[in-house]
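Could you have a look at this structure, given as structure tokens, before my questions?
Chain naming follows the written order as A, B, C and D, and within any one chain the residues start at number 1.
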Amino acid sequence: MKAAEIAARVEAFVRDVVVPYEKDPRCGAHGPTDELVAELRDKARAAGVLTPHILADGSHLSQRETATVLKASGLSPLGPVAVNTMAPDEGNMYLLGKVGSLEMKERFLKPMVEGRARSAFFMTEPAGEGGAGSDPSMMQTTAVQDGNHWVVNGRKTFITGAKGAKVGIVMAKSTAGACMFVVDLPDPAIRIDRVIDTIDSSMPGGHSMVTIDNLRVPADQMLGANGEGFNYAQVRLSPARLSHCMRWFGATKRANEIATAYAVKRHAFGKPLIDHEGVGFMLADNLIDLKQAELMIDWCADVLDTDVLGTAESSMAKVAVSEALYRVADRCVQVMGGTGVSTDTIVEQVFREVRAFRIYDGPTEVHKWSLAKKIKRDAAKSP
Amino acid sequence: MKAAEIAARVEAFVRDVVVPYEKDPRCGAHGPTDELVAELRDKARAAGVLTPHILADGSHLSQRETATVLKASGLSPLGPVAVNTMAPDEGNMYLLGKVGSLEMKERFLKPMVEGRARSAFFMTEPAGEGGAGSDPSMMQTTAVQDGNHWVVNGRKTFITGAKGAKVGIVMAKSTAGACMFVVDLPDPAIRIDRVIDTIDSSMPGGHSMVTIDNLRVPADQMLGANGEGFNYAQVRLSPARLSHCMRWFGATKRANEIATAYAVKRHAFGKPLIDHEGVGFMLADNLIDLKQAELMIDWCADVLDTDVLGTAESSMAKVAVSEALYRVADRCVQVMGGTGVSTDTIVEQVFREVRAFRIYDGPTEVHKWSLAKKIKRDAAKSP
Amino acid sequence: MKAAEIAARVEAFVRDVVVPYEKDPRCGAHGPTDELVAELRDKARAAGVLTPHILADGSHLSQRETATVLKASGLSPLGPVAVNTMAPDEGNMYLLGKVGSLEMKERFLKPMVEGRARSAFFMTEPAGEGGAGSDPSMMQTTAVQDGNHWVVNGRKTFITGAKGAKVGIVMAKSTAGACMFVVDLPDPAIRIDRVIDTIDSSMPGGHSMVTIDNLRVPADQMLGANGEGFNYAQVRLSPARLSHCMRWFGATKRANEIATAYAVKRHAFGKPLIDHEGVGFMLADNLIDLKQAELMIDWCADVLDTDVLGTAESSMAKVAVSEALYRVADRCVQVMGGTGVSTDTIVEQVFREVRAFRIYDGPTEVHKWSLAKKIKRDAAKSP
Amino acid sequence: MKAAEIAARVEAFVRDVVVPYEKDPRCGAHGPTDELVAELRDKARAAGVLTPHILADGSHLSQRETATVLKASGLSPLGPVAVNTMAPDEGNMYLLGKVGSLEMKERFLKPMVEGRARSAFFMTEPAGEGGAGSDPSMMQTTAVQDGNHWVVNGRKTFITGAKGAKVGIVMAKSTAGACMFVVDLPDPAIRIDRVIDTIDSSMPGGHSMVTIDNLRVPADQMLGANGEGFNYAQVRLSPARLSHCMRWFGATKRANEIATAYAVKRHAFGKPLIDHEGVGFMLADNLIDLKQAELMIDWCADVLDTDVLGTAESSMAKVAVSEALYRVADRCVQVMGGTGVSTDTIVEQVFREVRAFRIYDGPTEVHKWSLAKKIKRDAAKSP
């Protein structure tokens, strides 16, 4: 099977080539430097595993197949960056592939697929200023038409990868509703006020606070139709959300491999750690949690492959997977004791990344809130 | 698809015909009376849903198909009894179908499949007397050959359905190892010392403490080969364990339907319960837990359908499913407040049943213990 | 110290005299029969431990002292009934002692303190009929003045101990607000529609659904002032809520003693259960949870002894203690395996009782809801 | 009351003077620089709050009083460093005060109390090399007498504050058992191989991996008697363990203040966050968890003040408090969403610190293991 082969090659590449880079000093608090990204991608390109989920003919693997590949890419926190399956690029490529015009695909999508351009998705806004945090209906960034251009103004926050990105997708409100624009970056009208220091550290460019100040965009750079912005956000939403689950599944699986090896090798109180039920039970719980996470990912991928939006399903998967992976990562830290809270292995980083994952792409509570609404709607329909 | 149709008919039968019997006074602390069982089975037979997982030609649905049917049968605590998919009969029929001689199938299996005979599986022994609780290696019941007969002596406990059973499978230790016998019941040499009162109450005959006192069994009633008893126990083990997951999945799903309907209808503090996040989030958690339980059941069924023993997989499924269903049942009780702890709905019973399920067929801790051993073995194999 | 001596005598009485009655067939689904209650109380009276928290001069122990005594009385599910510290009598005696007129004390309180009369508190109403479940503002029972009498009409539910009670305190709404009446029972105008079957089974008389149909009460049987009903409910509320914590603490402590003894004695997989970390850790968690529960009870008792209402503190204690005791009881069941879900020990009953406790006197979620409101109010006050 | 006054002054100092330093760039991954430490301590000295738990006459507050003061000092992650109540100095001062000779007190303790010297406690060893991780019986560092000196050799790890310390207490094994030495630092024979990067970042000097290579110590620098090392470790153990609980209680309390203020101010989906039960319930849980943590600290302090070792009690407190504070910190992060995982407030740091706390001073599992042993011993004693 095609996807399985791709995944196997990605896994081998990540384990053999990428893992040794995990201690590279160019990995910082805001992810690897762009120099390191380029170096990794050169190797991925040479190994034939760059952007592995998009085939040479431009077609995209199914979600179920993508899961196989993205889980493999996630086995190192550096893996997705190296093979170009990382957020937000993966979701942006998906969206441009679905909605972009031919020109946009040539001008913006192509360099992304070739791993030569990183991108950013300018949607979330500072809650503290009344903007849209997890609640998109509160969007305050505006797009006003001015002849053959649009003028965009607003504030955005937690814009992953903005620093260093070459392509931006900007969401704003017009009189027709929400709309999106694709723009070249950097642009002086899109000012990075600061890169926010956060508990996670795998994403190149980090997460930025941004001011958009009279950004002028030619009308033909509007993505799709005016007023359809929320619909396009929906198109991107579920697959992008699920791809987070896939990548972090890989990272957590690797953390569990490290913790298991540790528990087998180290002794305390007269026997290997794993022979202590207190440790062995944690690893058994990990085995179960990882299996359940995998099954949820595959199930949700199958749903998305039927071409429905899958909003509820991806909410269920996001909650279940992020919380399960977090429990796994936390147990890995605990099993390894002092070594677990040190940076001597990637377990400590995976724990921090997955902590953030419980909030990124909608905190657990927001998803439960929307699921409760759905349960109520469904109950109203049943006799 | 065949199984889906069978399941749909079973579901309709359980919802329409069985559910109204849930308040029948013949449902007691040790399950429905045999009179009630017979009445329900007459109706199931008439509706063509008796023993629905075994086809007219004697063939057995695959595990994956069985899951569909058994989940449907479990929608009422009386459902499995009514359609003859309950424990321990379901597992005993499976074992006799796999290992029994033609004569045994005709004499013992046939009346069971026809829903005219209940059965019991005499394996577990009183831990307090040094016998095999969750640890089969401690088995103390003996089988000694005496000419063309075997003489069996020992003590058994938690023998589900022993009271009222017409067929018994008795496990004992011979010099060759463990062996099993199929016997007619009742037999004066198999004395029911008492039926143990327990927190659950769905299984006809309850769970008995039994003394086997010089039981003489003709040699041709030994099931399969002498010394193979543990292997046959393994054959029965995983499918039987998984069938518990299937049935109780159905029961818990129904409890969740009841709790959801309650939360939509009842008001407190100015709005429907479900509009309180404290309640809505619990129902969202239920949705997720039920989905995960279902996925684990299907995954494990697929593994068993490849004809492996699936010991580790069924341990994983048993732990994950029993604990998930318990959380769901507990939340259902909590959502319904005073009504939840009353017997006005089956939610209270389902909660009690699923509490016991965390112990029956191996407590969660025993499964984690054996999974930890497996993790250690697997780690030793990897480079 | 006085209270410590009383508690020691109560503990000795419960362990030596009451515990053997736990298997008495007169203990049913709705608690012990009134015959058994009388028999136990005769023994308590003879041992000088009847109503031990109210001294011979009519004075009441402080809440902190009461904790010591009530925890001891709770060591058996029959203990509080035996020594007359049970709900709702304990709270009703407290309320009558605080608010009752001299005549009321002589006529109603005296026989209760002497253990000759049980009582009931008619407050909660059927949520399904729009009445007050956990939300007292929804009260629908009315009291209308008619000359020198009041006429009361309404429906009440979950009225603990109503069946068999000789004294009733009835809460209703008048034009002045809420009010309370003290009445003799039984009264044909207070009709017990049914005793609700519930998961718990320790309270004599069970919990009843009641119709009050033109109950005529002489005006001098109004408890305290008209319109003050909610205030009196508040006076009773926190101490009564805390006394639940005290009694069930005792029951759970005993369950833990039983589970610990079991874990020390029984063997599995080659060693005593307690030497398995999977079991030992559960008992360690119990040790910690019980200590925390005890500290919360003592802290809240100290607060109440300063004569404040302590609504938030008793909410905190109720949530923390009921949830902690539940975890403990659940672990006791799990440690004991099959024996844990059987009625062979009281562990199974304690588990069921404490499950109900998470709902009785306000479900956990209602308390958290009111605590969240308080946190918001307090935050508004801080600079 | 004395201690309450001291605590109030410490709290005011921390809130007014220390908190503004939290954004100081001299706070790094291995705690504040020694320059910053000196600056903070100058201010503490001027404010009369330096080493506030040791009075001018050299006497030490009781543990219960110490709790009041140390909780106040912990309100900022920089607070304990600023007022000299931090680990490991606090425990080292305690031990020297209890066991040190007059000369040692003058030479080593005095500068520590005056806040002019930091110290380190060289006990834990690299588990990976077979040394003592959480299991002190595995200690491999040796002390061999050589005339009037001792020669010490070994490897130590996770030695907090070693870098920059002026005083060291070194634990080793002699033929008489374990013993301790007090030495000046730095010493070329105590080589800091590396400072381990860890998830926490509040402790000056970080945690070091150390090689002790032919360290020669004059015999009169042996602390107390030869062979008594484990006993002295016990003397230091429980108070030091509890002081961690105190300080981190303060930090977590402050995190909860920040999260509460956030939840009151920020809006989502049409109302303040705190009015969403999903958020309000988390804050209610925090209120309860913080109260329980405080009660456990006070209870354990009371036990220690009776002059017992309190090993079991401090294990119970350590497990209960570290796990409770972790739940609180995790909820604070979650309540604050994106802001919670950013370093914009100290919530993110507190979360990381408290994560490590579940491992430092004995992982939760090691404490449960030793509590299980104690439960077994106690059970053997009871009839």
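As a working rule, a residue touches a chain if its C-beta (ideal position, glycine included) is under 8 Å from a C-beta of that chain, and two chains touch if they have at least 3 such contacts.
Note that this is a predicted model, so its numbers are computed, not measured.
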Check: interface with higher C-beta contact count, C-D vs B-D, is C-D
Taking shared numbers over all numbers used, above half giving same and below half different, the chain A and chain B interface sides are same
Of all chains, the one whose CA centroid lies most distant from that of chain D is B
Averaging C-alpha coordinates per chain, one finds the centres of chain B and chain D separated by a number of Å equal to 52
Cα centroid separation, chain C vs chain D, in Å, comes to 42
The positions of chain C in contact with two or more other chains are 276-279, 281, 365, 368-369
Note: in the complex, chain D contacts chain C through residues 260-261, 264, 272, 274-275, 277, 279-281, 283-285, 287-288, 291-292, 295-296, 299, 316, 319-320, 365, 367-369, 371-373, 375-376, 379-380
Per the touch rule above, chain D residues touching chain A in the complex are 124, 127-128, 130, 133-135, 138, 157-158, 196-200, 207, 265-269, 276, 278-279, 333-334, 337-344, 348, 351-352, 355-356, 358-360, 363-365, 368-369
The residues of chain A that touch chain C in their complex are 276-278, 281
